[in-house]
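Heads up, the thing below is written out as structure tokens.
For clarity, chains are labelled A, B and C in written order, and residue numbers in each chain start from 1.
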């Protein structure tokens, strides 16, 4: 029985007096993935932010192993890695500087060599020392994925991780996500495309269903 | 606990509805009594003549301006600690009345100043502090109006009110210091006339009247805020006043 | 190639400081603008009021302090804005280090970029007002203690109005009442010294204000920033 990483019960979200979704319950265990689907504006990003503890839910709770339902989750980068639409990259710093400083700011230690290694694995070795502002959208996404490679967190919460990537980069990314799940990590992601992950996992249609385990 | 029963906007709405008319009535009665005492019964001051009588309005509204800000801070702390929505609504309901009191304090202070000291404005420590308090009120109202998301608006306002209330004594102290340092402004309202007991009665009556007025207005305002906030809730749709308004609209 | 967890939050703070300073060095135009503003505003007053030396000596400390205050308020807009827009702020909120500590580091960087130049320039600009060397030294000292207070308090306003429309003007309205004590004691110190009374009491109060702001502000900023992220 795989150990669970995160459970959410009866989550509801309201934006500007309008209920986006309600009654959402889900549980994610180690070594599995959860693909959240839904039309534009149905609240996928809001749901992810609630799961990360960035936004409060109008109702319901998110529970981590070791925390009680009473205490709100405050997971940090050592246990959870969140990748939002805004990638959190500084345009005036180089890709490698971004990775190293971002790690340090998040309470992690990453050497320059490790950063370059991660960027190389993502196919961005030649871009490692260029400022991010000269990179294309897809390349910036690649830098964010390289940062993901270096993360020690068990749970990855990714909002549209494949957007803007070309075919080769998409394959690399897919392999990265698969290896993470295979190694015992957990993955929650949204994407409009079929990612094609193998192994234990499920797809969750936001706006249609209520529970998934 | 009974108190938390009224923390639900639904219950508080009805409670406030029952309370505020009575409070307004008592406030009016006290105001009439206070004004009559102050303007008719109390003797004229030896130094300042008849014009001093404006203190029967000036002092109570000044007290209320400070008291209401403290009340806002109190509700804000409650809201931040217990996460109750009603706390944010009460704070918002209090702010306009508090701002009004601060403005009246400045205005009556100016009206007092002209016959007494020859100018409408003096940089007296108290008046200056009241001016800054008015800015604090306006800042709160501006911030809560500018933020659209209700929860963020309430909590940001609560933070501002708490930070402001911590600063109010510091601001008052610093303005006192500034005022004594710059001896140019030698006029001071701190040299108040010795209070005959009937003068004190008049001021107390007016203060009580102002306080009840402020509470009545806050309760009335919070009812409107509750209706706006919970406009989609079932209990609001079922209210007689809302149904009546609907009927009126559809008839028109 | 996995990163290791850091043992303490100090290194995270050092990371924030380093990142912000490095970014500022690569975008000098941004913070130099506030410094030029300070210089220009200070020069405007003698032009507006007249070159009479006694008048200028009287208004000098006040003018310099108000100009520093306005320049500080001007530079606050940039404090959290960029991080909010590019997504760095939510990564800061997810850091293993407490957000309030990271805010202190950000404010430290901000002061080094926007506050310290004002402190260093003030003696030079004070010469325009005919202030003596002791007055100039004391003025610089009050600004040295006072500008961090302005940054600390200003950050609360910046955090509360982050992403809110009309934020800049709103921020000023929120901050001006909070700035009054710092202004009063900062200028009061120089005034007292110019009259021959001691300035020690004023400087002590300024230090007390600095400690109080340092204790209160990071917590309030962190709470306001989390609100902005919701």
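Following the convention adopted for this analysis, a residue touches a chain if its C-beta (ideal position, glycine included) is under 8 Å from a C-beta of that chain, and two chains touch if they have at least 3 such contacts.
On a predicted model such as this, the values are computed, not experimentally measured, just so you know.
Via touching contacts only, the remaining chains, with chain C excluded and nothing moved, are held together as one piece.
Across the two candidate interfaces, A-C and A-B, the one carrying more C-beta contacts is A-C. For chain A, the chain whose average C-alpha position is most distant is B.
A summary of chain positions shows that the Cα centroid lying nearest the centre of all protein Cα atoms is that of chain C. One inter-chain figure worth recording: chain B and chain C are separated by 33 Å, centre to centre, where each centre is the mean of the chain's CA atoms. Spacing of chain A relative to chain C, judged by their CA centroids, is 36 angstrom. Remark: chain A and chain B have CA centroids separated by 48 Å (rounded to whole angstrom). Annotation for chain C: residues 230 touch two or more other chains. Counting partner chains per residue, chain B shows two or more touched chains at residues 149, 151. Residue positions 56 of chain A are each in touch with at least two other chains. Touching chain B in their complex are the following residues of chain A: 15-17, 56. Note for the complex: chain C touches chain B at residues 156, 160-161, 164-167, 170, 173-174, 176-178, 180-181, 184-185, 188, 191-192, 205, 209, 212, 216, 220, 223-224, 227-228, 230. Residues of chain B touching chain C in their complex: 132-133, 135-136, 138-139, 142-143, 146-147, 149, 151-152, 155-156, 159-160, 162-164, 166-167, 170-171, 173-175, 177-178, 181. Those residues of chain C whose C-beta lies close enough to touch chain A in the complex are 1-6, 9, 11-12, 14-16, 18-19, 22-23, 26-27, 85-88, 90-97, 102, 229-230. Note for the complex: chain B touches chain A at residues 148-151, 231-232.
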